[in-house]
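Chain IDs A, B, C, D and E follow the sequence of writing; residue 1 opens each chain.
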Amino acid sequence: MPKLIKKRSRKAGLPPGTLIHIGEKKVEELKITVINYDETHFQEREIKTIEECFVYKDKPTVTWINIDGLHQVEILEKLGNCYELHPLVLEDILNTDQRPKMEDYGEYIYIVLIMLNYSDTDKGIVTEQVSLILGPNFVFSFQEKEGDVFNPVRERIRNSKGRIRRMGADYLAYALLDSIVDNYFIILEKFGEKIEFLEEELVSQPKPETLQTIHHLKKEMIFLRKAVWPLREVISGLERGESSLIKQGTGIYLRDVYDHTVQVIDTIETYRDMLSGMLDIYLSSVSNRLNAVMKVLTVIATIFMPLTFLAGIYGMNFKYMPELDWRWGYPVIWLIMIGIGVFMLVYFRKKKWL
Amino acid sequence: MPKLIKKRSRKAGLPPGTLIHIGEKKVEELKITVINYDETHFQEREIKTIEECFVYKDKPTVTWINIDGLHQVEILEKLGNCYELHPLVLEDILNTDQRPKMEDYGEYIYIVLIMLNYSDTDKGIVTEQVSLILGPNFVFSFQEKEGDVFNPVRERIRNSKGRIRRMGADYLAYALLDSIVDNYFIILEKFGEKIEFLEEELVSQPKPETLQTIHHLKKEMIFLRKAVWPLREVISGLERGESSLIKQGTGIYLRDVYDHTVQVIDTIETYRDMLSGMLDIYLSSVSNRLNAVMKVLTVIATIFMPLTFLAGIYGMNFKYMPELDWRWGYPVIWLIMIGIGVFMLVYFRKKKWL
Amino acid sequence: MPKLIKKRSRKAGLPPGTLIHIGEKKVEELKITVINYDETHFQEREIKTIEECFVYKDKPTVTWINIDGLHQVEILEKLGNCYELHPLVLEDILNTDQRPKMEDYGEYIYIVLIMLNYSDTDKGIVTEQVSLILGPNFVFSFQEKEGDVFNPVRERIRNSKGRIRRMGADYLAYALLDSIVDNYFIILEKFGEKIEFLEEELVSQPKPETLQTIHHLKKEMIFLRKAVWPLREVISGLERGESSLIKQGTGIYLRDVYDHTVQVIDTIETYRDMLSGMLDIYLSSVSNRLNAVMKVLTVIATIFMPLTFLAGIYGMNFKYMPELDWRWGYPVIWLIMIGIGVFMLVYFRKKKWL
Amino acid sequence: MPKLIKKRSRKAGLPPGTLIHIGEKKVEELKITVINYDETHFQEREIKTIEECFVYKDKPTVTWINIDGLHQVEILEKLGNCYELHPLVLEDILNTDQRPKMEDYGEYIYIVLIMLNYSDTDKGIVTEQVSLILGPNFVFSFQEKEGDVFNPVRERIRNSKGRIRRMGADYLAYALLDSIVDNYFIILEKFGEKIEFLEEELVSQPKPETLQTIHHLKKEMIFLRKAVWPLREVISGLERGESSLIKQGTGIYLRDVYDHTVQVIDTIETYRDMLSGMLDIYLSSVSNRLNAVMKVLTVIATIFMPLTFLAGIYGMNFKYMPELDWRWGYPVIWLIMIGIGVFMLVYFRKKKWL
Amino acid sequence: MPKLIKKRSRKAGLPPGTLIHIGEKKVEELKITVINYDETHFQEREIKTIEECFVYKDKPTVTWINIDGLHQVEILEKLGNCYELHPLVLEDILNTDQRPKMEDYGEYIYIVLIMLNYSDTDKGIVTEQVSLILGPNFVFSFQEKEGDVFNPVRERIRNSKGRIRRMGADYLAYALLDSIVDNYFIILEKFGEKIEFLEEELVSQPKPETLQTIHHLKKEMIFLRKAVWPLREVISGLERGESSLIKQGTGIYLRDVYDHTVQVIDTIETYRDMLSGMLDIYLSSVSNRLNAVMKVLTVIATIFMPLTFLAGIYGMNFKYMPELDWRWGYPVIWLIMIGIGVFMLVYFRKKKWL
């Protein structure tokens, strides 16, 4: 479960465009990879200095520069200078607590996304902000750390699978978006399984920990929702196609991602509704158990209190208590007591307490 | 109750338009039926290879091709090539976890619907995705398995009942839509009966299982809602009549289906409200029963504790206890005890605890 | 309380425009009355065959044909043929589970309304669908059974009271609408009284039946809401005056009905809010009573348990128990016991438990 | 607390424009006052017959006619005839259960408002409908009874304070509106104090009456909301300035009232949220107290039940019970009992029950 | 925690534009500071009389006049006269209970904001209304008391850091807005920490005070929301750039602040959701503890009641009770009692009550 809020306080009051990395440093070494391709040609390499990729600026081929790690501010600055990126864009790339958004700067489009991963070690979502910059012939992607969901896209470029090599940078941006949204489905599958498991547990044997788990899942749903909800607007903004950077043919693919996003949101809402329902079930099962406990207590007390009272009566030391001297007094009192007990049991059974 | 989410993970990362069937294989054998008709002529046959239906492509008559089973991807591919369907459409047909949507590709309109059936064996909803493709002179329908709600439409075509034979492919698409929406009413009737039955049970004799049933129905309502809600948009999109594929005269019929859809949604909302109300009733009936149990316990304890105490007093072994030697001590103590008991009973009756 | 849903299943799959009456047959004999009037002339009669009213078709006077009972489908068919009504309109007249709607067919406007009555025998709402067809010089009204809220309108026509005789068919349609909405206020008054009565009961003496009543009222509010909410759209659709059938001067009256409808909806929402509040009050009064019961039990147990224990001590049969032989042992133990009891009572009073 | 709904039933079915006063007669004697002014001239008088004010109709000065009491329908009729008011306006003035609305009749604007007063005797809101008619050179105000919030406006006119004497009738209407909205703040202050007082009580010493008060305040908030919410639309309708009756310069003042109205609505929503939160607190404090009570009971029972059992053991009359004959049996049993008691107390203290 | 509502009552009925300070006087001495700058020149001074700053009116440089303290109404009046501010603006500056708003008066834009501070002494939010007036070459800021979040902006102007000295008055206004919104993040960080701490406490050891804290935080969230929500509209109003006072280049910065505001609102909503979840957890933990207490009571009662009854039996004084004379009667009864006790314990362990 990611932190609720990242420390922005160290940035407060600084002039806009000041480049300071908000969020923890998640990677030791910055890693820059460049993929350059068109329909016939493909090149992929890892570079050491950012200057190496400036050569691609005016080439007609599509260039995808991916940067893992955000702590070396000067690299970003150089890239920004070369490609004339607005300081606010650079600042936003470093503020890793953005909500997804899309900003059209004319020359390029800036997109912020949240990439989610399910960590099996933490048993929860791991979050990472991904910034994309889409220009006429390039896509830049900025990640907080190594490891992403883009490998299938890389494979498709390498092997020239699908139409990706025939299309431009806008299609590449779409493919990256699509990978991220596709990955949400995998996260949702995990949660779906958890919720179904929890539901069975709830019916068979609810425990106080069940409540903790429901609460935990609800919190993760709140988090997921916050991450995915604004994405809808982002993609529909891209799809509306007011930017010349998005070509006609890509629009239909963006509509497809849009549908997926709506489906993800729908599923999150469904999960939320279900978790609320489960909470109700849990609370009422607690009440039901209290009822059961109290019935046991009441049955026991109702049977033994009158009997103990009777025994107390004949434990009194009055001189003149004729029953005490009767020959069959003791067996008779036993019979009376057993009678009372049996009557009570029958009564409670009729009342469905037993 | 259908699964919450289908395994999309095996698709993640593949290029868009990759044809992979999402969802379980529900039928062994693919079945293709063709119905070809105009006002004077009618033909119906089952075919083995998809190529057989390409002959209908340029005929002026209306052709309805229905395919049950989605696991043979190559058949879809051939059909797509012949009729120039967009790869994303073919992909969506195979992804059987879509939310209802309508996409206008100019040459044809693609519609995704969810067909519901009430299964008496599972005591719940069975769901099946139906894809419709409406072209100028054809309608394709894709189902996951055999068995559907379209038989009355087939009958009407066969017997030339109503205006269906006189109208075009758009009217046929409407008729299929209408069958699916009509079927929702039947599902809702079933639920309506269940809810009314449950409500009576709730008043007469609430049980822990009642809660389970309420919870289960609520979940099915969430599911239904998710399936029907987007349909509104789909049909109003068709009705707005921006596509030339929908002729003037069909609009009025679509408005009719639209009204039905709104009525279905209204009813689902009403059911949800009612189920929420029933949950409140259930929970408070649990509290009421706890109250009743505790009153019994309190009455018993309040009557017998003082009496047992009194008996305990005269069971003490002090040497100088004058009462013990009184001639009428024993009867008097009985009278006092009975007096206390009667007083308590009267008191509790006045307090309305008995 | 009307049924949640009417059996539509017997209609599923039939071609649109098939005339089948949905809903129970509520009247034995169909009754057709015709009122024909203009400023100077007035005629009212009951007719046996529908053909008799075809003579009014081309007269310049306003004709109001009211039909009570919907089970004779052929009468509707003949009327439909004569006045060229769309088959879907005829179908909708017979489907008595419509939500209120307005459809402009150019030549005529079709309006569906729900007429409510408060039945003193059933202690609840009785519902009846009313269909209105407004043409250039006629209004048709279709009701499920005899008895309606239109008598004041009839009186005004007969006695030429108000402006009704001077105005056209659109004003007549308005007058009928207005009668139905006015009647909602009477229903709401009944509920208002019930809710105020219930609220007093809730404060003075809540009973488990109170909960049932709250639940019942909530359900009727859900029902009312469903019936009235779409009416807003219907009337604002009429008022917007896009149809040439609604004359300029009638618009202002429709705005008046519109205001009334909004007021009805407002009041329903207020009632719903109040009933929710009352449910909270009820539930917490249950908790409060449980608290009271438990306090009684605890007080009794806390006082008598130590005393009984003490009595038990001196009921032991040890040989060497010096207190037993003391001259004042018995009175002293009484004093100690009374002391403990008084102390407990004072303690509980200080804790505000008594 | 005003009645939920006023008796409209006696009006049902009457033709529109029928003048019948809905609501209780709140004043014995009708009172008509006229204020007539321009920048240099001022006249104020109370008149007996409505005809006296017809002389002001064509004067260029601003005329404000205020009528307290609505039960003399003929006065309204005469005024309506003279100033050509629409019958529906007259009808609405008499129906004192309107929701706030604004209707532009071209020649004049009709505004309905709800004037609230806090009555210290009833400890609640007192409501009164105020109707304003704004014409080119006149404002009519209709109130149900004497006493209003307009005195400061009267003072300002009399003393020529502020710009009121320099401005036209539209500014006067604004000033009246402003007085009514300003008064809402005073009502809200009262409620704010009540809520803060209640909150302190809730923390220090919650009582069942606290719940009643929360419920009562919630109901008054529902009522307030219903009265103020539509006002927003009314004022923004006036401000949009589509009527020529509202001069340019007044728009900015209306925007000011609009802001105040939004602030009132905001505050009402905040109060509602807070009262909901207080209800939660109350309910959980009830649960907490139940817990405390049950702990006392459990501690007492857990200590004394084993002890009483032990005492019961040595009260048995078996012949061969060696302990009974031991010299130190009695003191030893006391020690054991005290030991058990102390152990229990320590145990419960460790469990934080004491 | 600020007061819910400020005393507006003393203003009710006064003509609009009357200058009366609403809210408590928070500062003894009024303090006026002037900062005057352009790209090359900078001047900062504290002045005594407001007239001293009139000299800046027609200078081309940017003038920022900051006034701390609002109780000296005449100073505001003089400033208003000199810069021709509308009386309603002056009135609004003094009414320190405004909701954030933006009003475009053509010559200048009036903005109201709420500046928040977290007070460590009060453990809560401290609120202060800030009014900004943005003219072509000036910004006025009005604060209720000394101390603000603008120091970083002052530093940047003094040291000519960033672009602030090169830009106009609109950029200065943006910078002030930005400081205030940045400060919201710091407030939210504090609350985020509190909520996380509370959540841990809730899991490990819930106390009645936990509930109070949750309630308190919820209230502060309601307050925060009320303060921040309207800000969105304010900034988007500025950003839409309809005023000529906002230059092209500043729009992009305003979009940045807008994004931050949306993020703040998002976070507040997330916190509210989480606090609601925590309330549920708390309430159910109370129920769980009640369950635990009741189980202890029931176990104790169920074990000792039958045993005490048995002991009572053999404490009876019947003459003929053969068991009493048996040699091994006493040990046997002990064995039976121990057997019953062990059986009960095993039974409860199996039922998972122990």
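Convention: a contact is a pair of C-beta atoms (placed from the backbone, for glycine too) under 8 Å apart; a residue touches a chain by one contact, two chains touch by 3 or more.
The structure displayed is predicted, hence computed values, not measured ones.
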| item | value |
| --- | --- |
| Distance in touch steps, counted as few as possible, from subunit B out to subunit C | 1 |
| Distance between chain centroids, defined by C-alpha means - subunit A, subunit B (Å) | 26 |
| Between subunit A and subunit D, centroid-to-centroid distance (C-alpha), Å | 42 |
| For subunit D, residues contacting two or more additional chains | 283, 287, 290, 294, 297, 301, 305, 308, 312, 315-317, 321 |
| Sequence of chains encountered when the ring is traversed from subunit C in the direction of subunit D | C, D, E, A, B |
| Complex contacts: residues of subunit A adjacent to subunit B | 149, 151-153, 155-156, 161-164, 175, 178-179, 182-183, 185-186, 188-189, 192, 195-196, 203, 252-253, 255-256, 259, 262-263, 266-267, 270-271, 273-274, 277-278, 280-281, 283-285, 287-288, 290-291, 294-295, 297-298, 301-302, 305-306, 308-309, 312-313, 315-321, 353 |
| Footprint of subunit A on subunit B - complex, ascending | 3-5, 7-9, 11-18, 86, 88, 92, 97-99, 101, 103, 208, 211-212, 215, 218-219, 222-223, 226, 279, 282-283, 286-287, 289-290, 293-294, 296-297, 300-301, 304-305, 307-308, 311-312, 314-317, 321, 323-330, 333 |
